[in-house]
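Input: a single structure, listed below in structure tokens.
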């Protein structure tokens, strides 16, 4: 039971982190049709910026400044890069962000080195908040939950209560119509792209010291975020939210449940060892297969339901 | 349009060059071939096949795949297992035909993967291939029987069975085997573009509705094109295994797939031969640049981005744009304008490279105990001067380049206009 | 006698919006039938329903007695129905010759093969040349199709549409955007290529309609308000009202 509760909490924290990343990506993808490979790069940059800033000015300043830097970078990328490439089609935009991700990863290696940097949780938040059946739940995780919840609230309010937000909502499902109605779509694109990158940066600020901050962060996180976005469906933030939590829970629980398919088969009387046909596959315990789960889900969802959980448009 | 005789001559010349190349680097004093050069040439050869097979999907069928290396790698693993089986089973199967096994492996996996992936088009297809690439890459690290986990599968190409009696102990023998298979594969892939499937792949790329209304199912076209491209990717993977005698998970990794993408795109995805150029360039940059600088990945990445933004047709596209001007015989008028942008271009490039190398040195190089040397000149990255030089060159070169390019475009546009009115833009 | 193309109470709605509100139409074999109507009446949607681009909400569509409303577009095409599109739909990056040849492939038995070189297929190539001549496009044979003039592209599209030998041909505004001479040329082309076949076309140009069609149906707000010979349609009050408003004389 304790394992269940602890994993549930951890899964929620991880899921909310994923949501911070995935929400920006979903907004960009739904509205602009651009699959932003550089999104996870913004996550990485957020962590690295926060690290460097916190060395000079402390964590709390970094929490504020790093996302803004990522947002500004996003605006520049959109304004001077994406916009030019846009006329060559979606594939060109995709390739552009792909190349950008490559270059950013290398620039990070060049600027901060090849090894992980010691970006740590601020001392103020580094204490156990409460205990669940003897396992401590760090205060920092509660902080992460708080920030992600606040951010979700902020997005929701911005989208539903402001005029710009309403137009963005419309553009999520009917971008051409929004443009035909005379809204300044290019400016909104820049806004959405920059905001998405800023969000990813914020996720990096609070996630970078929770996990490790290294140049391979983007490459590890990136594909999982894509899976979440596709799983949740285009045009739906709620779908994205559900998918993020689901993915967070699945990945957390997979690590904890140390069973394999062979164990299941043993219950019905079938013995499978490593030397039986497909033995290796069936005796692989769940924690190790865990790395494969998101991608299996991606393939399944694109096969059975390309719209994702709650998508309003086909991918 | 080139005539058939022109094309045939190019094949012959290319074949002759390929056959003669190792001897240009032959060390006449020690009577030995340069192992490094031969390996690099072999790598170029198999990358050419790999990139061309990728372009069967991307350029010819409009299918952007982020997981093409999966087919390449699986072809490689299949070959490794086959070679090991041939040895331990004492079966007679000539090494010359082993790439076929890799090809069939790529084809078989192409059927399975293609069945899933080609249900979709465009972005959804790209995503499935991304997911499958990660899936198979992670599986390759995990499972020992087929993939050998982290250490991969080692094999030995000297299986003592050959159609021509070669032992393949010497790198030049391996090289000629590679050359043979590269030429056969390239020829077959080229012929494929002249077949119903090849043409209809282009058709469904350009207009899937019209494809339906000439009776074809676009999804089946995508599927079969994918499968055929898997066959050739498998051959490339097989050649890889034969050259390196080991195949690990990075033969299927996302970065390998990215290589195919970069090579094809930089060379040019429209037309057929772009990826040949691109693959050659990328391998040369990888082998050559990596000796000189840690940051060669960055340079390739930046080159890629610049091409995506300004030259989406790749090198072949850039050359093709010159064709109308060449046809009216006014190409020489571009020489001076080109020099005018080449100078600031080189200065900007110099500034950029210096900046990159300085930064890289400060963070990575210094910790590795290296010194920053350009030829015999020692550069102290701790002083301000090299940095000022770099930034200065970058800024001044950049601004000058902007100015000069405007002048260039004026001349260019003028010539294109004349070409249009005089010769007609197409025959 | 079974109609070549038969629509029975076909309805289509997108969400709550009813576009087609019950169309029943029978088109006899060999008939030349025109569909006219004000903009937004649903004519192209009707075409899209027949050709399988969208599924119908209710009703049925039959081709030579066989239901086709659940089939995919390429399956409908293989059963003998072909169409042209309002926005020219050809293969813009291939030559004119290759466009026509692609139009012939399936019907001449070629499938998804990589084992036949197109350059060596004598019968196929001869047929393609012949069709090019009928279309009067031989002078444009090796030109990239995307570079043709608008009218030539439309002609090419008609060529691709009939290349497969479909018995039922749907033409969606074939003369849209053409000058008078171009229209005349197109009409002659349509008349010759649809000889002995069933033709259904959407048109706005009344001279084309009255010159070509055996029967005319008028579609307004997703319904057929009149279906008769051209002369009768011309004098039909309801039709005049639909086009000109109640003040029509």
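Note that the chains are named A, B and C in the order they appear, and that numbering of residues resets to 1 at the start of each chain.
To be clear about the criterion, contacts are C-beta pairs under 8 Å (C-beta built on N, C-alpha and C of every residue); 3 or more make two chains touch, one makes a residue touch a chain.
If you're wondering where the values come from, they're calculated on a predicted model, not measured in any experiment.
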Legend entry - Overall pattern in which the protein chains touch one another (line/ring/star/complete/other): line
Legend entry - Most distant chain from subunit A by Cα centroid: C
Inset, instruction - Starting from the mean Cα coordinates of subunit B and subunit C, work out the distance between those two points in Å. - result: 44
Inset, instruction - Round to the nearest whole Å and give the separation of the Cα centres of subunit A and subunit C. - result: 48
Inset, instruction - Starting from the mean Cα coordinates of subunit A and subunit B, work out the distance between those two points in Å. - result: 31
Inset, instruction - Pull out every residue in subunit C that's touching 2 or more other chains. - result: none
Legend entry - Touch list for subunit A against partner subunit B, complex: 33, 35, 81, 84-85, 88, 90-92, 94-96, 98-100, 102-103, 106-107, 109-114, 219, 223, 226-227, 230, 280-281, 284, 288-289, 291-292, 294-296, 298-299, 302-303, 306, 314-315
Legend entry - Residue ranges of subunit B touching subunit A (in the complex, touch as defined): 64, 116, 119-120, 122-124, 126-128, 130-132, 134-135, 138-139, 142-145, 254, 258, 261, 265, 295, 297-298, 300-302, 304-305, 308-309, 312, 356, 359-360, 363-364, 367
Inset, instruction - Flag every residue of subunit B that touches subunit C in the complex, lowest number first. - result: 1, 191-192, 194-200, 202-203, 206-207, 209-218, 220-221, 224, 228, 425-427
Legend entry - List of subunit C residues in touch with subunit B within their complex: 51, 53, 72-74, 77-78, 82-83, 85, 89-94, 98, 101-103, 105-107, 110-119, 142-144, 147, 160-161, 163-164
